[in-house]
């Protein structure tokens, strides 16, 4: 770990962090555009060409507004809660493999912040810290509705973490490792000659459970019960002003990106182009770094596809009732997750015996 | 240990981000608190009594169940990791996993049986 | 360099630990508990057992402390009279100090020399060990967890009968 | 990383944690904080175990820690359940009010 | 052979009457008892004329080097006492057949009477102090039983108890005396003691002490100053009992004891002087009381006490012969007087108050005749027994070594008073008109015959011990008892013997005429009362002696008992017993304080235990 490597590492971490953070304004714009498309209306097109500057305008507006702190709240917790929400969202990026590697001079650097051999578990661990933001936010703002909102959203996140873990266990059984990078390598090649060797074809049920649980994890519709405008006034972040409110939304969007990234990595082959293996591509292009760029682009397109699905689902499905929510998680998802594990176990047993 | 260094860096950058957001919004944002802003927003209704009214234990129960099932879920992961390799030596990994799964299912059915979570 | 980080994280953990017991309102002590568990996770990473660090963060910080915060919210305890009277504090402080000193002495007496290269424990090795040498404890623990679920339900049912005003 | 300065530091921190936990559950009147300080002590023990595992290279320590964590989870679940019921009866979480089993 | 029969006869009579033929009628039981008494009297007579071989001996028990032998010897003194006791005893047995005829369970009375006789004989005939003590106790028991014969009546039962308790006090003194004697002489046999006293010299103070304690025993039994209170109350028993026990036999036991131990008392001069003083003061006191008593038996009881006082005066002055002579004569006329009063009471159906009698001369002629002989004898008119014995005592008092004349003057005053109150009783009961509401009738023959015999005895008894000076008859008694009691001490007093006799006779005659003058006419009988008004109430109330004893002894004793019963026992004793349990409770309540119920306190103890455990395990380590 000499000096140069450290600098490259720092720069790489910073670049990836900024890259992921940029996804948030893009998503805001996209969300409005797709919502408008679904609702057959033009969407934001005033600010800048085709409304592309709308997210910038929003950001500036949020920055400029006042951030009031109500009198009878716990000052410290109230102000720290939004950051408690943002921190885990940022930290969970560490394990995401954007690409294979790039070279500077003769040294190779991985195209991900850290290749942890407990990668997937790390993501879930950090993911589970997201609850504190909502809990402390709701409790600190000393407002009956926000407290109940916080409790509800916490219960929802909590009860959907288990199906998340169970869903992924199927994939882990198949890949035999928790490091995301290895998972991507294991998904190269073809399945039965026709389909790309992606996890989703091996683990359709697992993917389904994970996909639904991912929605609940990020409080996205149809699970955004806590922030329902009508009933609970915007849930736990009612009292928050400009920037704190914005950080909660930022945290939500980053969590969405992380979840989509994990889905792409585990089930859709990460940075793999379906029928083109890395070596073939490298032989065509020649330079390793350009190949890295292509890989990153492929990774981000897949992530964007998932994000659009998020938005699409949000504006189509109606909202769940709270008890339906619970029933879905404990009654349906967890059993399906267990069944998936059993099926994978048996499948692997026969697959390896052959 | 080395590969956790970037995590540390990431943590550092995230903290800087938060602090940055906090300071920028405080510098730019105007500060003129008045009574209505400072009172908690009850969608127009005057707030009365302590906000922290105790509520049904339902939420607590969900959290406890999550804790216990989370621990059981976590145990699945090491089992999943070595499942494929030790499958070659024999099926005892399968039996262990099966036993574990059975107990998990038993616990789950117990929850449904008790109907305490209004899941029915 | 790593020593420096180790000591820093250690002190951070101790600070958060002492704030857990010293803060008047339980919410703040819960919050400082989270921070101290983070510090501990960092220590585990430095001691080359990432699996335990992640488990610690996932189970301890992600579930147990959540439960604590839940209960704190449910009970909204008034933080009046957080501590017992003075004599108790002095006596317990002294007793704790004495016991810790003895513990330290006992541990240093029984320190086994660092045997074998302390190689990093890969995740696979830990997992295989769990299912070969420690299989039965693993199964018994699962039974333990089922029993805990039954216990919790019993308690919850009991509280259902008592009027929940 | 393996030959970092001495065992001395981790043991000191671990025992300090245990001491803090002990002081905590003796002087605090709030039952929840008592449980928290017990958790603190357990973590101190975990740290000791991990340090031993690290020093001796065998993974037994890690296994023990895993088991300790699960049992701690069970313990907290039941402990807080009981606490909640006590709160329901006594409307306060002050340990000095739970005095019935005396004399 | 005679000696065992002497003792066995009354014992067998008592057993037969008391246990075997229980439901016997009064007459049959009386006849059996009298036969037993007569056989023992006969055996005494035979013994005199054909004495047995040596002493009849039987070892009782041996403790350490002390072996107690139960032996009966008959020397002149024992013989004489046995004769008196069995003689008068059998007369009284015959008399009580008539007296107790209407009693329904009289067998009990006769059994006790025989048993009393047996005990008295044991007392007299034993040759050792211990044997005598056994008799002494038996006699005390029988007197208690007989006094309390009508135990249904609470007062009579109380009188019995009073007699017994007072006797016990005397017996205690007697016992201590025996211990001291044994300490001194290492033997309790009279003969050996007499021999030792002659040969060896002992510490005079110890001898005095022994004599003093023996005298206390005598005081108890013979009713002297401090312990005489029981005798007047003993009248509660049937009259023959009073006659036998409280006139003739039991009360003389004390005198017999001192005569038997005369060697000791001769040496112990201070005790003898003490005895004389006690004797004369008792005599004077009881004589004064007797003058104003209403109950006929009470008068006779006090006269007995005063006569005993005179006897002790004689003993104090060393005239043992005079004392024994007076014992014999007094037994005769006092028994006569008691039986006479018995027949009077029997006639008046239980009426004992002399002021409610009178004019019985006509109704009870023979009782009147014998009673007058008795009164003349006791008064000390010359030809009868009383004069000679009383005069011998007075003369011996006159010639005593110290205070002779004062003793003589006081003795004279006592005999003057005796004459006066006896004539008073005699006059009030027999002269004048009958004041009572009963209709008296003469007693049956069985009661009168003993009276006549006793009357004859009272007349004749005097001649046995006539002093030499009169040159009429030789002093048989002195010759007979010489070997036991030692020579008659020839002292010289202020007057010669003849002149002293003359003065005594003149005073007796004056007293009789005075008494006759006052009490023969009813209207004059009040005058002595009026003259001695202030003294009268004092005499009547017996100088409040009983009340004094009650106040001085009984009340503090009760207080002491109350103190122990109410305060000492419940608080101190029970307190000590309950102390451990109370301490345990105290400790328990202390420990409870530790159980505060708060979890943290228990945790604190837990941590403290942990610390101690560590200290133990890591001994070397110091914090």
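First chain written, first letter: the chains are A, B, C, D and E, and each begins at residue 1.
The working rule: a contact is a pair of C-beta atoms (placed from the backbone, for glycine too) under 8 Å apart; a residue touches a chain by one contact, two chains touch by 3 or more.
This structure is a prediction, so every number in the text was calculated from the model and none was measured.
In summary, the chains found to touch both subunit A and subunit C are B.
Comparing the centres of all chains, each the average of its CA atoms, the largest separation from subunit D belongs to E. With every chain reduced to the mean of its CA atoms, the largest distance from subunit A is reached by E. Chain D has its Cα centroid nearest to the centroid of all protein Cα atoms in the structure. Just to note, of A-B and D-E, the chains joined by more C-beta pairs in contact are A-B. Each chain gets one centre point, the mean of its Cα atoms, and the points for subunit B and subunit D are 21 Å apart. Computed centre separation for the pair subunit C/subunit E is 105 angstrom, with centres defined by C-alpha atoms. One finds 132 Å separating the Cα centroids of subunit A and subunit E. Annotation: 34 Å between the Cα-based centres of subunit A and subunit D.
Residue numbers of subunit C whose C-beta contacts span two or more other chains: 2, 46, 48, 50-51, 55, 58-59, 62-64, 66-67, 70-71, 73-75, 84, 88, 92, 95-96, 99, 103, 123, 126, 130, 141, 145, 148, 152, 156, 159, 164. Touching two or more other chains at once are residues 1, 22, 26-27, 29, 69-70, 73-74, 76-77, 80-81, 84, 96 of subunit D.
Residue numbers of subunit B whose C-beta contacts span two or more other chains: 1-2, 4, 52, 55, 57, 59-60, 63-68, 70-71, 74-75, 81-82, 85, 104, 111.
You'll find the chains touch as A-B, A-C, B-C, B-D, C-D, C-E, D-E. Subunit D makes touch with subunit E in their complex at residues 22, 25-27, 29, 34, 95-96, 98-103.
Those residues of subunit A that touch subunit B in the complex are listed here as 1, 9-10, 12-14, 17, 21, 62-73, 79, 83, 86-87, 90-91, 93-94, 113-117, 121, 128, 139, 141-148, 151-152, 154-155, 158-159, 161-162, 165-166, 169-170, 172-174, 176-178, 233, 238-239, 241-244, 246-247, 323, 326-327, 330-331, 334-335, 338, 341-342, 345, 348-349, 352.
Taken in their complex, subunit A has these residues touching subunit C: 74, 76-77, 116-118, 121-122, 124-126, 128-129, 131-132, 135-136, 139, 147, 151, 154, 158, 178.
Interface of subunit B with subunit A (complex): residues 2-7, 9-11, 13-15, 17-18, 21-22, 24-26, 28-33, 37-43, 47, 51-53, 55, 59, 62-63, 65-66, 69-70, 73-74, 76-77, 80-85, 87-88, 91, 94, 97, 101, 104-105, 108, 111-112, 117-119. Listed in rising order, the residues of subunit C touching subunit E in the complex are 84, 88, 91-92, 95-96, 98-99, 101-103, 105-106, 109.
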